[in-house]
């Protein structure tokens, strides 16, 4: 059955920085329309794995499968074409662009007109298309009203929405979110939960998050990293009760 | 009364971020301040540490009026502020970042001891001591920021969302550390948190801020039990 | 969208008509200065594109102008091409130069880029001494010829320069405006804001930066060719370090991110020495003071500008208006 | 013999470039500003030194006078100009350009003021010791007591600065203030004072470079002198080669530049004076875009 | 009444000048306007030219061609000067000629301050008049001197790698001088460190005679460092960089210059027996007290003096045309301080055509060997170098044009 083919799979990923082994033989699989959580203590290597999947770090070794086909780890600027989008652990908006422009940058690849026609002022059609798409991406995160604000005047929760809209506008098949709920108040966290669940109808989501409420409520599968190794994986419920995970990460309170 | 804020009003240009706030935090008290995004929590802390000048009101610390004093002067009066969002200097090493915390005391030996202390609280930092801070993970940077504040041996500790980006286990640990430090060193702490439940659990005093105004101030446990607070800030 | 485009075109044509009539009424010196202003407008725009939009600093644009100027002169003298083609060649040649420099520059940040371009500004012009075709220190003549007779007996050489430079300025400003308003401009601003995020949006940073350098250099090359048209020769000493610096100054005076301000910067660059001369002679007491006062005034103006109007008068005005509106609400 | 002399020429020129580069590094470290007026400030300090020499007739008094003068000028510039600059243009593309423009403007202001006060003509400063080359076996080396003195002084200065930076917290405070003023403030560092101190140190170092460049040349000084123009460009290029953040880097950068130029002029062509630094700089930055001793951001996300 | 010429009114004749007043290239040359003005003031105080005062508008071009063009335009279009006087520098003059094109407007460019031979081309520069002997002439005369006095010796040459140097190389080639070593330098690079390098090269080639054919700062750097390195070949200094006063001001000990060979078209500036030097230095000392009287001053005043005669010769109501016609017909006979003939004629706008050879005294001043001026003359082409028989006409009374 074709649905069994994972949207994204990596195996045997190794990364070290100097003497430091940041990732050790890591594997991971995300099914279509699945929300997978990647959790683990600080410095376990979660962001590093994200970076490897995004071409920001080159793994020392490892295999990368997209839709079941093995290929090289992606180059950052190719991500969009591969159908992968990602948000950053910080927020990373373009401060002096408007919200709409921010999202439009994410839709860059839709433009086909070249420099000459841009210089002649003939890229209007492209622009219109990008604008429409960007606007609907903003609507999707309920941020349509912010379109003309400068990004650096937004409130913190709003910046998170816009960052997600910017990732969404390229209509990725795989969306990677790095701590989307970090720093949000309880109401916004609930909103984020809802959004992620809705998104999973049309894409796979890989999520790094320390907020266990979020993780537990949206993820169907979890991978736990510790010191660069996968120490547990499986359904959220099993992982949660895994004593090793509790000792390394969750503690008693969760 | 050790920290005494009365009728404090702070503006960002035309925006009024804090209006008519009065708080008293006795010595040795851990006060947790919660409130939704944009409530003005960060602004309040920045005013207390001298980074921002208020429009109106007064701040007394240990019986002295401190409005108008510069942050570097306030550090010498025992006020230490861990600002929001991983306030580390990426270009410096972990050790240098820590040393920075103790720099005003000009005592190399004490500084070394403090580093050992921080390393025992956050072993991860001990392992990374020679690395540049920009190699650290998000959570490690947060540890480093807190570590720097501890290095300063403060009497009033202002913490802005220290749990941001930390793993649950570490959050628990940090909260516990803050609690222990408060008690053992007779610290006064103002802890701003989005993790309202965690913060209130360890706090003596709870403060709820909304749209720049105080909407509730009470024993922490009382706030936890308050159904209105529970609904709005604790998520259940 | 399209409405805006056609409005732009109408505006630019209107601008051309105004310039046309202006050239008829003012005296010859002003016409000549007008031509210089037009040249500066183009050169400053190229800096605004590079620095204000793509965030790369160049202290060596004078050298890129030299590349364009030499290319035009060589094309004119050796290949005997018609003058308009010479200008096209100037753009292409300096764009190639810009692409090469840009490829090196894309890896460099802030002061390292400044250092490299500074060295370029010093080194490149003296390279001309090493090649015979470039005419050594005395350079090459670059004569665009007399105005066509059909324009009448009265039509002076300077007016002809002014027309050519003015038309070039209008066209290039229009093209730059379009580029900056398109996805290219947006991309550059995005990279400047956060390069990792831009990369994740599918932008090839190096390629984008090189493109900015290439376009900027091409425009600078056009300005260089026009500049050498107004002085009639191309020589290394026509493109000194001071030229690169004054372009940057002009860009700051214009507002480094406001293309519309390029006019202001250019006018100031041309007018200031004259004004400073007048002031110096009015207040100067001794010979020592009067000769050095203009230099002092120009430098002091620079400092005052970056201190108090760092984003340029246009942007300043815009910000003040926005603030005013906000406080009324 | 040629080889030795070429080497010696490069070394002495290089040590003075190194000194200038050090002063640029100090400014960069304390405020993240590339100071194009550094050579101008050195010129002004040297004029102070000239005033002292003509009145007191001792180079050894004039040198500290120049250093103190240089430190004061630099401190004033930091307090008045740079502080405002940092306040007004912190963000956006202007932040990268404003310091360049401001310091270029300052250079112009200093030059014209010097010309107004001291006139355009050459003024003389006599060096403390002879600049006549040492003679060995009847051949005269391009190395003199004065050049030896310069070499030693630069080394000593280097050492003093390194000790200040290693043994005290000033180095850390400088860097913290430059990279993250707010965090530095919250750590109890008097950021304004530290930045001023950084500039003052740079001003004093630049004054030494200016005094030495003057006596090592023909002993004359004028607002438009070639020696000072060279100091401006070479000091900056040396600092960039070294990596702008590192004192050692500045010294290596200065020496590398001095030696390479000397050898190119000697063995390739003496007409390549302005092309050589460009090629050297490009080559080094091509291999290491952040300079020899500069550090690069280790991780981006 | 007849239409008056631009820049000429009933009471005034206005002339314009651009040259580097500030900046690296200004050293020495920025004294020229003061010198010229000093003479014109003297002239005006003594009745001017037929009752008209001669005024000089000076603009600073910082030695940048674009500035020179802009400032010249101002002079012509705004200040409305009658003629341009003594603009300095090859590149600047070329830029001005190409862009401002004074020729097409019929504006005379009197006595350009450069020895570049190209400006003698009357087809290209029909209104331009040179005054200094060309660099080619100088090199040829030097070459002749070398043949006569240093046959078989190893010769070294320091030159600027631009037009200036190219002219020099051309002259030496015509004269048939073979160099053991040639050292070019880039303009603006003449520092002490660079000079040490040049010396190393000359030493390596074991040059006996070293010709310094560069600007003053190059000569100074070279001689200063040579003194430190105890390097003392037979020096031969070109006139451009050979002004003793300027060299000594840059700190070169006078002793180093001793016995060096030098060339000049005008008398030695210390030669107070010379009537021109005497008069000019008196006028200058009164006008600009405290400023030393050097070659730049002498040349500047000489230029002003020649200009005055040209204006006088141009008739009661001088026009641009009559001014140039006057030089063409009578220029060769204009009294002036130079000890060599001028070659102005209907077909040539070439000024002075030769040099006298002298040696520097122990105090570092150029003086004729044995007290008498021995002058040579030649052209910029293939013509031979010959001993000149030119006898300078006596100075008109009080140094005023007659």
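Should a chain be cited, it is by its letter among A, B, C, D and E, assigned in written order, with residues numbered from 1 in that chain.
Keep in mind that, in the parts below, a residue touches a chain if its C-beta (ideal position, glycine included) is under 8 Å from a C-beta of that chain, and two chains touch if they have at least 3 such contacts.
These numbers come from a predicted model, not from an experiment.
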Remotest chain, chain B as reference, centres from CA atoms: E
Selected interface, C-E versus C-D, where C-beta contact pairs are more numerous: C-D
Geometric centre distance via CA averages, chain B-chain A, whole Å: 30
Between chain A and chain C, centroid-to-centroid distance (C-alpha), Å: 43
Between chain D and chain E, centroid-to-centroid distance (C-alpha), Å: 38
Between chain B and chain C, centroid-to-centroid distance (C-alpha), Å: 51
Junction residues of chain E - those touching two or more other chains: 22, 30, 161, 186
Residues of chain A whose C-beta touches two or more other chains: 17, 47, 54, 56, 88-89, 95-96
Shared-contact residues (touching 2 or more other chains) in chain B: 135
Of all residues in chain C, those that touch chain D in their complex: 51-53, 55, 57, 59, 104, 107-112, 114-116, 118-120, 122-124, 126-127, 129-130, 192, 195-196, 245, 248-249, 251-252, 256-257, 288-289, 291-293, 295-296, 298-303, 305-308, 310-311
Chain B residues touching chain A - in the complex, by the definition given at the top: 35-38, 85, 124, 135-140, 142-143, 161, 164-173, 194, 196, 198, 232-235
Sites on chain D touched by chain B in the complex: 169, 172-173, 175-176, 179-180, 182-191, 295, 297-299
Complex contact set, residues of chain D against chain C: 28, 34, 81, 84-85, 88-89, 92-94, 96-98, 100-102, 104-109, 111-113, 115-116, 119-120, 233, 236-237, 240, 244, 271, 273-275, 277-279, 281-282, 285-286, 289-291, 294, 300-301
Chain D-facing residues of chain B, complex: 49-51, 70-72, 75-76, 80-81, 83, 87-92, 96, 99-101, 103-104, 106, 132, 134-135, 148, 152
